[in-house]
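For reference, chains read A, B, C and D in written order, and residue numbers begin at 1 within each chain.
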Amino acid sequence: MTHKIAILGASGYTGAELVRLISQHAGMEIVALAAERKAGLEMAQVFPHLRHLSLPTLCKIGEIDFSGIDLCFCALPHKTSQEVISGLPLDLKIVDLSADFRLRDADAYKKWYGNDHAALEQQSEAVYGLTEFYREDIRTARLVAGTGCNAATGLYLLLPLISAAVIDLDHIILDMKCAVSGAGRALKENLLHAELSEGYHPYAVGGTHRHMGEFDQEFERVAGRPLRIQFTPHLVPANRGILATAYVHGDANAVLDTLNAAYASEPFIQVLPMGEVPSTRHIRGSNFCHIGVVADRIDGRVIVVAALDNLTKGSSGQALQNANLMLGEDERAGLMMAPLFP
Amino acid sequence: MTHKIAILGASGYTGAELVRLISQHAGMEIVALAAERKAGLEMAQVFPHLRHLSLPTLCKIGEIDFSGIDLCFCALPHKTSQEVISGLPLDLKIVDLSADFRLRDADAYKKWYGNDHAALEQQSEAVYGLTEFYREDIRTARLVAGTGCNAATGLYLLLPLISAAVIDLDHIILDMKCAVSGAGRALKENLLHAELSEGYHPYAVGGTHRHMGEFDQEFERVAGRPLRIQFTPHLVPANRGILATAYVHGDANAVLDTLNAAYASEPFIQVLPMGEVPSTRHIRGSNFCHIGVVADRIDGRVIVVAALDNLTKGSSGQALQNANLMLGEDERAGLMMAPLFP
Amino acid sequence: MTHKIAILGASGYTGAELVRLISQHAGMEIVALAAERKAGLEMAQVFPHLRHLSLPTLCKIGEIDFSGIDLCFCALPHKTSQEVISGLPLDLKIVDLSADFRLRDADAYKKWYGNDHAALEQQSEAVYGLTEFYREDIRTARLVAGTGCNAATGLYLLLPLISAAVIDLDHIILDMKCAVSGAGRALKENLLHAELSEGYHPYAVGGTHRHMGEFDQEFERVAGRPLRIQFTPHLVPANRGILATAYVHGDANAVLDTLNAAYASEPFIQVLPMGEVPSTRHIRGSNFCHIGVVADRIDGRVIVVAALDNLTKGSSGQALQNANLMLGEDERAGLMMAPLFP
Amino acid sequence: MTHKIAILGASGYTGAELVRLISQHAGMEIVALAAERKAGLEMAQVFPHLRHLSLPTLCKIGEIDFSGIDLCFCALPHKTSQEVISGLPLDLKIVDLSADFRLRDADAYKKWYGNDHAALEQQSEAVYGLTEFYREDIRTARLVAGTGCNAATGLYLLLPLISAAVIDLDHIILDMKCAVSGAGRALKENLLHAELSEGYHPYAVGGTHRHMGEFDQEFERVAGRPLRIQFTPHLVPANRGILATAYVHGDANAVLDTLNAAYASEPFIQVLPMGEVPSTRHIRGSNFCHIGVVADRIDGRVIVVAALDNLTKGSSGQALQNANLMLGEDERAGLMMAPLFP
C-alpha cells in the first residue's frame, strides 16, 4: 500500500528536500503540494531540479482535501505553522518542521519566540521529533514536532553524556559551525553570495539563539535539574552541514563508551573510533550523523565533535524518519542514500 | 538475482561515485574493490562518506577472482586501463571509464594521447558508451568505453542537430564551463582550493583538449564527412557540473524540434521549453541532462545550452546505465535519485 | 592640494569600492557620503570593513553643500541617477557609475531601459567613460558616464580589432562569465549563497542584456556601420571578476599585434604573450585588465580572452581613473595596488 | 632613501603577499627574489597577478650578493629556514616567517617540531615578532621571528586578559576557524578544491597543533606560571581569514575594558563596542585585527572573538610591520590598505 502524502510549504528548502527524499520512497506518494504565494505554478518552475518528477501542481492549503491524506508534512514558517495546524483535521497525522511545537512549556515558547502560542491544545499532544530518543512515542503520535537543526546536532552529542552523568554539567560549551541553507530561502543581505562566501562569523552569541530553548528543555529532562550550556553558532560559507564542537569535562574513554552504547543499534548515528573527527563533507545530502571523541592534552578535558546535514538529518530527513515510524514503514525507507562527495 | 560487481580503481572520484550509486541498486552487489596503492585499507578510510556501507576491503587487482564476477567497472587512469584490461578474462563484461577505448581509430588515439595503444584487440570490440546513441550495441557488448565527460555534454547538445542537418556544420562553437572534480583527485597546484576558488579561466584553448578526438569521431560519423568544431573549456570554482553553451547557425524552432524528437523517450535527457536555459545547480548529483534552446537577436543564430553532472551522467552514472543494459537490468536502476539542491 | 570628494549612493558595493580606493589616494579627501535610506548611520555600520577610516556620517543628498566639492561620484541606481544629477549644480564635476548616461541616443536609451530619459541635457554633454578610448574628452568633461562592467570587458577585447578591421565583423561571439557582485547588493533569490554557490548558468541569453546597447553604440562608431555581435553572459559562483571569451575570424598574429599596439602605453591593460590566457584570480581587487590571444586549430579562427574585476576596472576603479583625469591628477593615483591572490 | 629588500622563498603565498604589500611601500625596493626550484623564472610566471610589477628574476639564494641588502625576509619552509639563516651574513637584518625561531627554549622546539635546532646561536638572539607586545625589542633586533598565524590571533585575544588577570587561567578554550591559505601551497589531497569546498572539519584536535608551543611560551611569560589552554583549529572553505572564538570565565566589562586599554593606540588592532562580533570578511587582505566581546547568558562567562587575515596580519603584513620598525620607517607604511569586500 502506498501512503498518500501532503506537503504544506513546498516552496522552501525543507519542502523541496522532502520531495527529493520521498521521490525515492517506495511506500509514499505525494498527492498535494501547497505553497500559498506560488499556488498555480508547477514545482519545476519553483525548483527546476525536480523537473523529472510527476508532481501535483502547487495549490493553496485551503484547496486540499485532507480526507484522503495519510500524513501531512508542514514545512511552513514559524507561527504560520501553528495557525495552519490548529485548523487541520484532528485525526490527520502531521509532522511539523517549524519551531512551533518543540517547546512543551508555553512560557518557554513565549520567552524564545516572543508571542503567545496559538495552538496550545495541539502543543500538548505534540511529541518532540528527535527520533532516537522518542521513538516509541513517535510511533503512536498524531503530531510530531521536528527539532531545530542545531538542536538536533547538539542533542546527539550531549544527551547520552548528560543522561549517563559522565560529564560535568556545569562546564559544557558547544561551538557550532552552520551552513547557510539553515537560514532558509530568506532574502537577507548577509545571506547573499557576495556577502557570505569567503567569510565567516559568529551570530546569536551569548546564549540568545532560539534553539537554546530546546537544549534547556531536553537537557533538564534527562539531568533532572536545571542545566545551562554555552552555545555559539557561526555561519560558514557552505550550503549544507552543521559541525558541532563540544568542550566537556570528563574521561574520554567513558565518553566514547557512553556514545557507543547509546547509538550501537542506530542506523543513522555513527560513532567514530577514538581520536577520529567527522567532517561535514562526509555526510552532505545524507541522513547520517557522525560523532567523534578526542581526549585533550589537559587531563579530564574531552572534545566531542558531531556532523550532520541540516536539511536532511537536521530537518527533512528526520521528518521522513519520523513519518516512517508513524505510518508503520521501515524507519530507514527513503533515507539510505550515500552522502554526495565531492 | 543479484549481479556480482568489481570496481578497479576504487580510490578515485569516479570509483567512489560508482559505489554511491550502486549502494542504491537492488540488483547489484559489490564483491571486489581494487586500489593498488591503498590495498589493505577499508573504503571508509579512503572515503569516509561511505562509512555506512558494508564493502569489501580494498585489494590489488591481482588478488581478485574474476570467475564469480558478472561485470567489472574499470575506473583506472588512462593508459593503465588498457594494460589492465588486456589481461582480464576474455569473457568478463567490462565498463571502462578511462579514455583508452573511446577512439576507434588507432592513429587518432596516438594523435591525442601520444602513445601507441597497448590493447588494439580489445579496442576493436569496444562500444562507445554514449547510451542514448549506442543503446542496442551496448546491450550485447562485452566492453563498453565510457565517454569523456565534456564529450558527453557536447555530444548530447550537437549530435541530433548534426544528424538532422538543421545547423551549419562550419560554424559550431562550444564554450564549456567545467567544475573541478572532472580533473580527478590529482595533486596539482591549480586544483588547490586557495588557487581555484574565487577565480576562473579557460584551458586547452584553441582545440587542444583531448575530448576533441571524441567530438571529431562522433560528429564525422553522423555528418558523413570531416567536421571540425571549436571547443574551449573553462575551469570554474565548483565541484560538480558541466555547462556547455553552443553557438550555432540555424532556425531555433527547428533546433528545438530536433532535440525534442531525439530525446522524447529518454529517461535522463530533458529538453526545456523554448527560451529556458539550464543550470548546473539543478542536475548536481543526478544522472539528468538538461538542454535549452534560445534564439539570438541575430536572425539565424541559435544558442543551445546543456548541463549535466560530470561525475554522474558524464561518467559513473553513464557507466552504471550502460552496465544495466549489459546485464539486462532496468536501464534506470540506481539512477533515479533527484539532484541535490541547494 | 587635496580635492574634496562626495559620493552619492555610498551604501552599495561600488560606493564602498570607491571609498576603499580613495582611502589610498593622497590627493583626495572624502567630505560627503550620501545614502538616502541609511542616512544617519556611520559608514562602519553599513560596511564594517571600512571601520579603520575616518569618514563623514552618511547623510541625505539634500544635506550636502556642493559648493566646496571638487568632484562628485554618483553610485546610485539607474533612473535615480538621472533624476539626481539633473538637480546638481551645473558646474559640478561628476562621474556617474549608473547606466543613465552611457547611451548617447535617446531612442537607444528608451529601447534598452524602457523609459524616457529625464535628463536629456546632461546626457548630451556626457562623455563615455572608457578611459583608454576617450581620454582627452574625459580630461575636459564635466560629466563622465561610467561604462557597464560587461561592456568594458567586451570593448577592451574588441574595439581595437574592429577599428583595425582585422576581424570579420559578421562573426563575433562574446561568451562572458560574470561574478555575482556585478548584480549589486540586491535581495534576489538567485543571488543567495545557497542558490548561487556550486552552480552556474547563462542569463539574458539571445542578445537581451542591457549592456548590448553599449556594444552596439561603440562598435558602430568605430566600424562606421551597423554591427551586431552575439553576447551571452553567465553567472558563476565567485564574487569578483569578469572573464570574456571572444570567438572571432581573423589571423591570430594580426589580432595580437593590433592589441599590443593599441595598449602598448596603457598602464592598466596588459596584453599577454601569444597563447597565454588570463584568469580572473590574477586581477581580483585591482584595476588591471589582462588580455590573451590563441589561434584555434581551425585556420582563420581566433580566441581572445579578457579578464578584469567588475567592481574595480569595470566600475569604481574606472571611475577613479576618470576622476584623476578630470582633476589633473596622475591617472594612476590610488589605483596601482596589486591584485589579491590567493 | 629607499631600503633594499631581499625575499627568500618568493614562490610561496607569504612570499607573494610580501611582494604585494611592498609594491605599495614608498621606502622599499625589492632587489632580490630567491626560489630554489623556480630559479630562472620571472615572478609573473609563478604569480601572474604580479605581472604589472618590475621585479628581479627569481634566483637561487647562493646567487644573491647580500652586501647591498638592508633587510631580508625569509619565507622558507620550517627547518630549511634555520639552515639558510645560519649561513647568512651576521649583520644582515632578517625577518623570518617560518616557525624556526619562535620558541626560545630548545627543548620546547624539539618537542613541537621533532628535530634538534640547527641554529641555536641565532635562536638566542631572535625576538618574537608579535609587534604590539615586542615593539621596542623589534626596533633594535637583527633577527625577528614571525609568529604563527593562529598563534597571533589567539595571542591578540588573550595576552592582555591573562596579563591583567581578569580571566580564570584554568578555563580558557580557544575554538579557531582557519582558512586554507594558512596551509600554504602544499600539494595535499585535503587541500584540493573538490575536497575542501562545501565542507569543514576540526584538525589537530586535543592540543596537538604546533602553534600550541607559542601559546604556552607567551602565556606562561605573562602569567608567571605554567598555563595550558585548550585549542582546536577547524579548516573552513575560504582562502583567507582566521576567526578565533574564546570562551573564558570573567566579567565581560572588565574584559572589554582591558582590551580597550591594551589596544587604545594600536593602529591595526580594533576593539569593537560591547556585544559586537567580527567577521573574517571585514579584514580580508588587510593588516587589521578586529576583536569583539559578548557576555554569555551564564553569569561570569564571556565570549571573546577575534578575526584577522592569516596571510597579512598573521604573516606577511606582520613581517612588514616589523621590518618597518627595524628600518626606522613609519610602522604603518605599506599596510594601510582597506580590506577587500566583497
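The criterion applied here is as follows: contacts are C-beta pairs under 8 Å (C-beta built on N, C-alpha and C of every residue); 3 or more make two chains touch, one makes a residue touch a chain.
Here the structure is a predicted model, which is why all the values come from computation and not from measurement.
J.: If you fit chain A onto chain B using the CA atoms, what's the rotation angle, as a multiple of 5 degrees?
T.: Here the rotation carrying chain A onto chain B measures out at 180 degrees.
J.: If you take the mean of the Cα atoms for each chain, which one ends up farthest from chain C?
T.: A
J.: For the interfaces A-D and B-D, which has the higher count of C-beta pairs in contact?
T.: When the contacts at A-D and B-D are counted, A-D has more.
J.: Check A-B, B-C or A-C against C-D and flag the pair whose interface repeats it, over half of the contact pairs matching by residue number.
T.: A-B
J.: Express in whole angstrom the distance between the two chain centres, defined as the mean CA positions of chain A and chain B.
T.: 36
J.: Can you give the whole-Å distance between the Cα centres of chain B and chain D?
T.: Each chain reduced to its C-alpha mean, chain B and chain D end up 45 Å apart.
J.: Please work out the Cα centroid separation of chain A and chain D, and write it as a whole number of Å.
T.: Comparing mean C-alpha positions, chain D is 39 Å from chain A.
J.: At which residue positions does chain C touch at least two other chains?
T.: Answer for chain C, listing residues that touch two or more other chains: 13, 181, 194-198, 237, 239-240, 278-279, 281-282, 284, 342.
J.: In their shared complex, at which residues does chain D touch chain A?
T.: Answer in residue numbers: 171, 173, 175, 177, 194-203, 205-208, 212, 228, 230, 232, 234, 236-241, 243, 245, 247, 275, 277-282, 284, 294-298, 301, 303, 305, 307, 342.
J.: Per the contact definition, I'd like the list of chain A residues that touch chain C in the complex.
T.: Touch residues, chain A against chain C: 13, 180-181, 183, 185, 187-189, 191-198, 237, 239.
J.: Could you list, by residue number, the parts of chain D that touch chain C in their complex?
T.: Residues of chain D touching chain C: 13, 16, 19-20, 23-24, 47-53, 181, 198, 239-240, 270, 278-279, 281-286, 288, 290, 311, 336-342.
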